[in-house]
Every structure is written in C-alpha cells, then in structure tokens.
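Look at the two complexes coming up: chain A is in both, with chain B in one and chain C in the other.
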Partner chain A sequence: MAGLLRTEAGKGLALSAPASLYVGLLVAAPLGILVAYSFWTQTYVEIDKTLTWANYLEAATDPLVRHLMLRSILIAGAVTAATVALAYPIAYFIAFRTQKKTLWLLLITIPFWSSYLLRVFSWKLILGFNGVLNSALISLGLIDEPLTFLLYNEFAVVLTLAHAWAPFAILPIYVSLQKIDRSLLEAATDLGCSKLERFVRVTLPLTVPGIIAASLIIFIPTVGDYVTPSLVGGSQGKMIANLIQVQFGPANNWPLGATLSLVAMASVGFAAILFAVLATALGRRIR
Partner chain B sequence: MSEPLNKPLSPAVSKARRKPIRFPWLLAYAVGYLIFLYLPVLLLPLFSFNDGTIVAFPMKGFTLKWYAQLGEQDTLLQAMINSLTVGAVTALVATSLGLFAARAYVRYRFKGRELSEGLVMLPLVIPGIIVASSMLVLFISLGLKPSLTTVILGHVFVALPFAVSIMKSAFDDFDQSLEEAAFDLGESVIGTFRRVTLPIVAPGIVASLLVTFTVSFDEFVLAFFLSGNQPTLPVYIWSQIRFPAKLPNTLALGSLLLLASVQLLLTAEYFRRRSTKSASKSA
Partner chain C sequence: MTDQNIIEISGVEKRFGTFTAVKDLNLTLKEGEFFSLLGPSGCGKTTALRMIAGFQDHDAGSIRIAGQDMAHIPANKRPANMVFQSYAIFPHLNVGDNVAFGLRKLGLSKADMKTRVAEALEMVELGGLQARKADELSGGQRQRVALARALVMRPKVLLLDEPLSALDKNLREAMQLEMRRLQQKLGITFVMVTHDQYEAMTMSDRIGVMFAGKLEQVDRPEVLYARPCNRRVASFIGGMNFLDARVTGDNGATVDVNLQGFGPLTIDVNPNAPARSPDLLAGIRPEQLEIGAQRPEGYDACLQGTVSDIAFYGESVHYYVRAAGVEQPISAAVPNYFHTVDHKRGDQVWLGVQNASVIDLGARDA
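The block that comes next holds the complex of A and B.
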C-alpha cells in the first residue's frame, strides 16, 4: 500500500478518491434504492416489499403521466431552442464585434450569481395579471386591459427558463466561436462567399460542438425543473417534476414517485442522446 | 498553416469591410438582451423600497419599513442561521474534496483519471428533482431523518463540480518546479504542500469557498426535500411566496440575498483572477 502511494498513479488515485467516491456513492446508492422502491408498492402507511411491475404499468398507462412527461420534454426542447437562438447573436457579438470581451462576459454572468428561486419569483411578479409589465403598459396607455396570456402557461415557463439558462448557452457558443481560425473566414470571403453564405457554411458548422454542449447543459436539467413550472406555469405549465414532488410529498406514494423519477431520467437520457446524434449528423450535412 | 497568407493586408481589409456606416444591429441586440437579463434581478430591489403591498406601476412612495420588519421575524432569523451553517460546512467540505481531486487531475496521470473527472462533474447535469427525491429515499432508508445534516450532504454533492473546476484552474498554471525545488532543499511532502503549494493556490481556495458557499446558500430544491423542519432561507422564502401580505417583506429579503450573492461572487471572481495571475507570475 505504502509502495503504491509513492507511484504517480497511486498518488493520483488516492487524492481523487474522496471526491469521486463521494459523488459515485451518492449517485449509485440513491439510484439503487430508487430502483428497489420502484418495484415495491405503497399500502396506506406501510411499504409492501413484494416485487411488482405495478408502478411501471401505472406510469405507462396513466394518461396524466404520459402527458406531463411529453410536455416536459417538449417544453425543455422549446426552452433549449429559444435559449440557444437568443444567445447565439450575443456570443457572436462578443466573439467578433467587440474589444471589451471580458467586460461583456462579466456583465452577462453577474445576474446569474443570484438565487434562481428569486429570479423565477421576479418573473412571476413581472408577468402577473396585475403585474409589473401589465401595469407599466397600462400606465403608458399602450393597452386598456391587462394581457392575460403572459403568466400561468407554457409561454411563461419557456421565457423564464430561457432567461435562467442564458449564460449556459452563451459561454459554450462563445468559446467555439472564439476558437474559429479567422483565416478560414477570410479564405471564404476571398473565394467569393457572401456574408450569409460564409456564416451558414463556415461559421455555423464550426460552432456545432458549442451548440450541442449548450443544448445538453440546458435540456437535461430543464426536463426535471420544479421551481419554474410551480411558480409561473399554472395548471397548463405543470411538468413531470411537479408530479414527482406530489408523490414524495402530499400523495405520499414513494414507490410511484421513485418510478416516475427513473422514467424521467431514462426519457431525458434517451432524448439527449437522440439529439446529440441528430445534431452531429446535421452539422456534418451543412458542411 | 494557421497564419493567413495576406496577413499585413487583412486588418485593413476587414476594417474597410466593416466601415460603411450602418446601424449596429448586433450591438443594439446585445444591449436589449442585457436589459432582458437584468430586468428581473433589478426589479426586486426596486419594489422593495415601494410604499405599497402591490408590485405594479405606478409606484407609491419610498420606504425602508419592509427591511425594518425583517429583523422582527424569528423564523426568518433561524432560517438565516440554518443557511449560514449549511453554507459554511458545505463550502469547507466541498472545497477540501475539490482541492485534493483537482490536484490529482492536474498533477498526476493515472488510470481512471478521465472517468473520475467525468464523475465529479455529473451532479451538474442530473435534474435537481431526481437528485433530491433519490437522496431523500436513501437517507430515510438509512435511518437519517431530514435535517440540516442531510441538506449538507446534498449540497456538497451539487457544489463539488464548482470546487473541482475552480481548483483545477488554480493548479493549472502552477509551476511544478517550485515544489521540486522545495523537495530538493529538504522540505517534507507535507511541509512543501503547506509552505509552497498552499500559499500559491490560496486565492483559488478562497474563490472556491465563496462560490460553493453561494451555491449552497441559494440552492432550493434539495433543501426543500431534505431539510425537514429546519428550513434554509430559500425554503423559508418559498413558504412566504404564497402569502400576498408578506410580499413586500419577501422582496426586501430577496433584495438582501441578491446583494449578498453578487457581492460574494464578485469577491470570488477577484480571488480567482488573482490566483491565475500569481500562478502565471511564479511560472
């Protein structure tokens, strides 16, 4: 043992072991127990530990589960698309059109050093029926009646999350834009590409890795987001996390909650892999 | 290869291409986007001084009473103490784990390094609700009642990727020959670490402590599941959001928290930059 600790490999393993064991254990153990729970059933106060597929059957046949799962994935997809589309021009601006890169990057990240819960709460106040936006528009005389489509729907969820994830999209795209060899762009121009062509055929394909990274970072946690659908989603904007919370909280059906967590995780993984494969293929195609 | 062939020409060419006076669409977009980013963050402080219970325009008068009332709420103070405790312990544990792991990743080549590096970043990409629910099930199964301890266990998990990446960049530019010199001059392994390595990466450690503290201080979902009847500040705020009468107080409290978070992280950023600067200076 002492001999092993003197080698490069031994030292590396020993130093990194506490961190990787901590994360490894806290990923594996809860997951294992979650799997066990998903095969048990809840009988009022007791847990019936007879192994059964009942929870999976319920998750597969209950229209509410299917509906919320599908909606979560669609909303997460919309959030990802909106965030990346809104962030791309900013990343482009910082990479190519300004000298003050550090300042801009700092300006963009500062708002996200504040509590996520509070930012979502603030959007609720902005978008509400008697909220900031409506009252401001009425004070300015632009509208007579408060707009009702702002809060408690999918739109509010997508807007709030597109705001919440902004730097996670801007930074990876900025990095991939920054990495582009500028002489490639000059070559494209010298060879007669118009600006648009140059963007579509040179710049955009070279940033596909950044776009994929940004999309995955945003998509995966968004599917399981709890705070935003609870605060601004209303009944139209509820997502799978809300249902999972109900099972672990008020409904007190942990086995079903465990099953839903596992199903959600599997769906997210599947959707993410599908997306990464499609995006990579598409990126090659454009070139 | 990467040098453009017409290098002396290119700056002039690209400047000439950019020269024609036209509306700077991208700049305008960037400014608009910044307003979008800052709107919700500046709104809370703005209305926290508003002398009215409704958050809407036109604003009433200026008041500080919502802030003054905060001091009288015992549950709030208790939640604040809980959050500070959880944040401090989380920061210490996560930074220690991160310090050793980052050191291993930067300094040593070993089998399983990439796997281990990937593993410690995993908490960033697992949806919060899944981490929260699965940890709740685990802790209950182990006979661990939801409490501040379970919150700390969860927060270390989510804060670890931040600690590791900050410490990694602190070690990245660290000149190894300094340690070798210390060895050669007769320092022990521990002595070298304490007297050479630690002082050089100290700004990185401070940055990591501040960032992990803030991550824990602002975290809601895990604390919501794992705190039992010992709410942290975000859990307390969550319970207050439902009561419209409490809204102005929540705004005042939220504004204070925003200020604290931004302040802490700007300080962390300052130390992080100093750490890269001092490391590259010594290199």
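The block that comes next holds the complex of A and C.
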C-alpha cells in the first residue's frame, strides 16, 4: 500500500478517491436504482419486480411523452440560445472593455444572493395580469387592457430561465475570451481585417469551446427543470420534468417515472453531443 | 535599395499620461532598406514601431508611408505588415490558412491564393507544410510562418518586433542570415526592433540607437561602431574603454590631446559628436589595443600596468589592466590565434595604441 502510494498512478488514485467515492455513492447508486426501477412494474400498491420493457414501450408510443420531450428540448434550446446571445456581449465587455473586471464579475453574481425560487416569483410579479409591467404600461396609457401573453407560456419560461442562467453563460465565455492573446487580434487587423471581420474570423472561433461549455451548462439542467415551468409556464409551458414529477408524486408510478427520467437523460445527452460536435465543426469552418 | 523614400517620420511624439515614451522622432527610410531600431528595454522601440503600424496613434508630428500621410489611415489599411514578437500564429488555423489569412480579403481566385501561399511557404523553407497544425510547430517554424504570413501580402514595409528573441542562439544566427537574404531578394523595406547589438549590426543597412524615447544616432553599422556620437551609444554597441582626454591643440580635422594614462596623441575629430569642450571623452575598442610583456614597437602611445583579471571568450581573451592614473581597468582583447593565454593575473604588461584607434566622443558631459 505504501509502495503503491509512491507511484504517480497511485498518488492520482489516492487523490481522486474521496471524490470518486462521493460521486459513486451519490450519482452511480441512484442511477443504478433508477435503471432497476425502469424495468419493474407498478401494481397498485406494490412493485412487480419481474423485468420487462413495458415502460420503455409506453414511453416510446405515448404521444404526450414525445410531445413534452420535444417541447422540453425546444424550450431548453431557446433558453440556451437566448442566454448565450445575451451573455456574449457582457462577457466581451468584461474581457476587453473594462479595467474593473473583478467588480463586474462580482456584480454578475449578485442575482445568486437571493434564492432561485424568489427570482422566479419575482418574474411572476413582473409579468402577471396585475403585474409590474402591465400596471406600468396601463398607467402610461400605452395599453387599455392588461397583456395576457406575458405569463403562463413558453415565452415566460424562456425569459425567466435566461435571466436565471445568465452568470453560468457569462463566466465560461468570459474565460475563453480572456485567454485570447491580444496580439492575435492585432495580427488580424494587421492582415487587413475590420473590427467585425476580426471578431468573426478570430474571436468567435477561439471562443467556441466557451460557447459550448456555456450552452451545455444551461441546456442540460433546463431540459430537466420543473420548477420554472410549473410556476410561470402555465399549461403550454409544461415540460418533460413536470410529467416525471407527476409519476413520482400524484400518479405514484415510480417505474414509469424512472423510465421517463432515463429517456430524458438519453435524449439530452444525444442532443448535447450533437450540438457540441456541430458547433466544433462550424467553428473549424471559419477561416 | 533605391533612392525612393518609403517612410518619412518627422517630429513624432508619443505620451502615455505624463510620461513621454517617444520624443521628437525624425527618421527617413529608403525603399529596400534594412533598418534596425536598437536600444535598451523600455526605451520606446516597440512604441515607435506600433505607431508606424497604426496600432498606436501619435500625439505630434507626422508619419508618411510611400508618400501618403498615415494620420487617418487605420492599421488594417496601411501598406505595412508586422511580424509580432510572440508570432501571433492563429491557433485555430493550420499553417496554410494562417498564411492565407490576409489574402482572403483580396478576392483572389482559389488557384491564385494556393499558389501564393505555396510560394510564401517555399520562401521561408516551409514548403508543403500547409496542413500542419499551429500547435505542432517548433519555435523556429512559428517564426517562419509569421514571416510568410506577412510577406505573402507583399507589403511595402515589413515591421518586425524582436522577431528572433525567442529562438536559441544557433537558430537565431541562421535566421538572421536567412532574413537578410530574403529581404535583399524581395527588396522590401524591413524595420526591425531589437535589443541585440550583434543582430542589428549583422543584418542592417542602418541602425538607429534609441535611449529613453530619443533616437540618438542613425548610421551604418561600421560608422556607428567607429564614430558613436556619445558615451551611451558607444557603450551600447561593442566593448569600449572610456578615458578622459585634455585638448592641447586644435588642427581643424584633428586635435592634439593628452590622453589619460597614455599621454600625448593626435586624434580625428568625430563629426557625430558635436558637443565640444577642452575636456573630451575618448574611447578605445578593446580589440584595438596591443598588449605585450615588452613595450610594443611602432605605437603612438603606450602605458604600463598590471593584469587584474582575465576573461576567456573562446575566440578571444580579454585582459583587464590596471594602470596608474586610470580609475577603471582597461580591457584589451587578443584574438585566440594559437590556443595560448599569454599573461597571468598580476603580470606587468604594456598596452599600445595608435592615433586612429582613439575615438573622440565629444564633450565629457554630453
């Protein structure tokens, strides 16, 4: 044992052991349980532990599952696109246009100083029928009736999540911008590029890894989010996680819930990998 | 080199806040000239180069390239290209795309572009390396790619900021020769920033020596070496012994002096050192002093002293000689002809000097 600890590999193992153990217990074990459940069946009160594909068959054929899965991925895609598009200019500003980087990075984390739920509720107060936005517009005389398309739909979900996720997108993009050697930008200018061409041909391709990281950090948890859709999404804004929650809660069908979770994970994984591959390939095409 | 002026800089000044990084810069470069800007760290070389490139605007004066005032012409529109000290190779592009980067703006046909990239790479001896990734290149190869990427644009002026400082000594010397050959073949004006005096001397047609933002002397290397304008320039280029000299007679083109330690000599007046006074500073290159155990024959003045230190350089041996009436030891360099070191520390030796070897550096406090 002492001898093993002295080798490089041994040291590496020893260093990663606590984390591996932790991850093993808290991720692998529940995942294993989930997989097991997905092959069982719910019979009123008990669980029938004979292995069956029935749950998967149901998940594959139920149009509601397919509909919600697709919508979840679309909404998550929209949230990701909106957040990254909004975060990029901010990250750019901090990386290139200000000396007070620490201050700005600190300011960006301020939303985290209040709870996530509170922030979602605040959006409800802003967008609601008698909310801040409608009251303001009415008192300004711009509208007569409160706008109803603000809350309880996909738009509200995208808006709320884009706001909530912003720091998660800003930070990785900022890091990748910050890493760019300033002389590369000067070289591009020297070789005849205008500021815009320089951005498209040098800055953007060099920040593709940051964009991918930001996108995955946002996309993956958004697909599985159920708090925001249930608070501001209304019936149109419901997502796959809301269905899963129903299976584990009111419907009391854990095996089907487990199956849906696994299907959702697989779909998200597939979409994420596809996105990363496509984005990398696109980045490579810019010369 | 032609007689056409390609760069005309007059009265250029650059301030950062209250600090003046470049003062009253005046410089005219000919088409096809290899010019080096030499000076210690922080003297403003990079700042001067960046003003020519257009990365930094100047606070006063004017910069003209090929007869055109550059005042309102941004860096991307100037007929000058730059080789950066860090080389600035685009890490997301391969060698071919790096070299083609600027060409894509010119609307060339695919075939033309390919040919020009291949030619440029051929020129820097990287032929066929188009597909090599940027991070698979050695330091010397990166340097060549940077050179090819700038030269492929066929600029009127190529600006180089310490292009060889990141390379090891052997590679650096090989690249010096190669860049000089390339420059002469292409006839492009090169403006190179360096703090390496040997690099500047071996490569350049003319050298500008800069101190604290001021260009103190611009001359051909051999003139700079033989007739530096003051103590700073003299000590920055090559080794130099500084001695006081008292003027005893003025003959117009020459002056009679009484040289510290050596006695009476008649030396040429240095036209580059305009500040005159009866107290002159004189300089003698170590390799121009004769050293021997006996008083050397046929020298215009001699001095006796004791060897205090010996430095062996391989191709030469430097003896440091202490003499009565001279504060600093005088260094004398002897070529290593026969693998012998002729004098030991503590030996009594004689130093001999000719009139022509003593350089007039002007008034002592200039």
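Please note the rule applied: the second predicted complex is superposed on the first by the 269 of 287 C-alpha atoms of A that agree within 3 Å, B and C clash if a C-alpha of one lies under 4 Å from a C-alpha of the other, contacts with A are read in each partner's own complex, and residues count from 1 in each chain.
Assume a contact is a pair of C-beta atoms (placed from the backbone, for glycine too) under 8 Å apart; a residue touches a chain by one contact, two chains touch by 3 or more.
Since we're looking at a predicted model, the values are computed, not measured.
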| item | value |
| --- | --- |
| First (chain B), second (chain C), both or neither touched by A:Glu8 | first |
| Partner chain in contact with A:Ile108 - chain B first, chain C second, else both or neither | first |
| Chain B or chain C, by number of chain A residues touched | B |
| Partner chain in contact with A:Asp181 - chain B first, chain C second, else both or neither | both |
| Partner chain in contact with A:Leu216 - chain B first, chain C second, else both or neither | first |
| Touched partner set for A:Cys193, first chain B, second chain C, both or neither | second |
| Which of chain B and chain C A:Val246 touches, first, second, both or neither | neither |
| Which superposed partner A:Val202 touches (first chain B, second chain C, both, neither) | second |
| Intersection of chain A interface sets (partners chain B, chain C) | 181, 183, 186-187, 189-190 |
| Residue ranges of chain A touching chain B (in the complex, touch as defined) | 8-16, 18-20, 22-24, 26-27, 29-31, 33-34, 37, 86, 89-90, 92-94, 97-98, 104, 106-108, 110-111, 113-119, 121-123, 125-126, 128, 130-132, 134-136, 139, 163, 166, 181-183, 186-187, 189-190, 216-217, 220-227, 231, 241, 244-245, 248, 254, 257-258, 261, 264-265, 268 |
| Chain C contact footprint on chain A (complex, rising order) | 181, 183-184, 186-194, 197, 201-202, 205-206, 283-284, 286-287 |
| Footprint of chain A on chain B - complex, ascending | 2-6, 10, 13-14, 17, 24, 26-27, 29-30, 33-34, 36-41, 43-44, 47, 54-58, 97-98, 100-101, 103-105, 107-113, 115-116, 119-120, 122-131, 133-138, 141, 153, 156-157, 160, 164, 214, 217-218, 220-221, 225, 234, 237-238, 241, 250, 254, 257-258, 261-262, 264-266, 269 |
| Residue ranges of chain C touching chain A (in the complex, touch as defined) | 53, 55, 74-77, 81-82, 84-86, 88, 90-93, 97, 100-102, 104-106, 149-150, 153 |
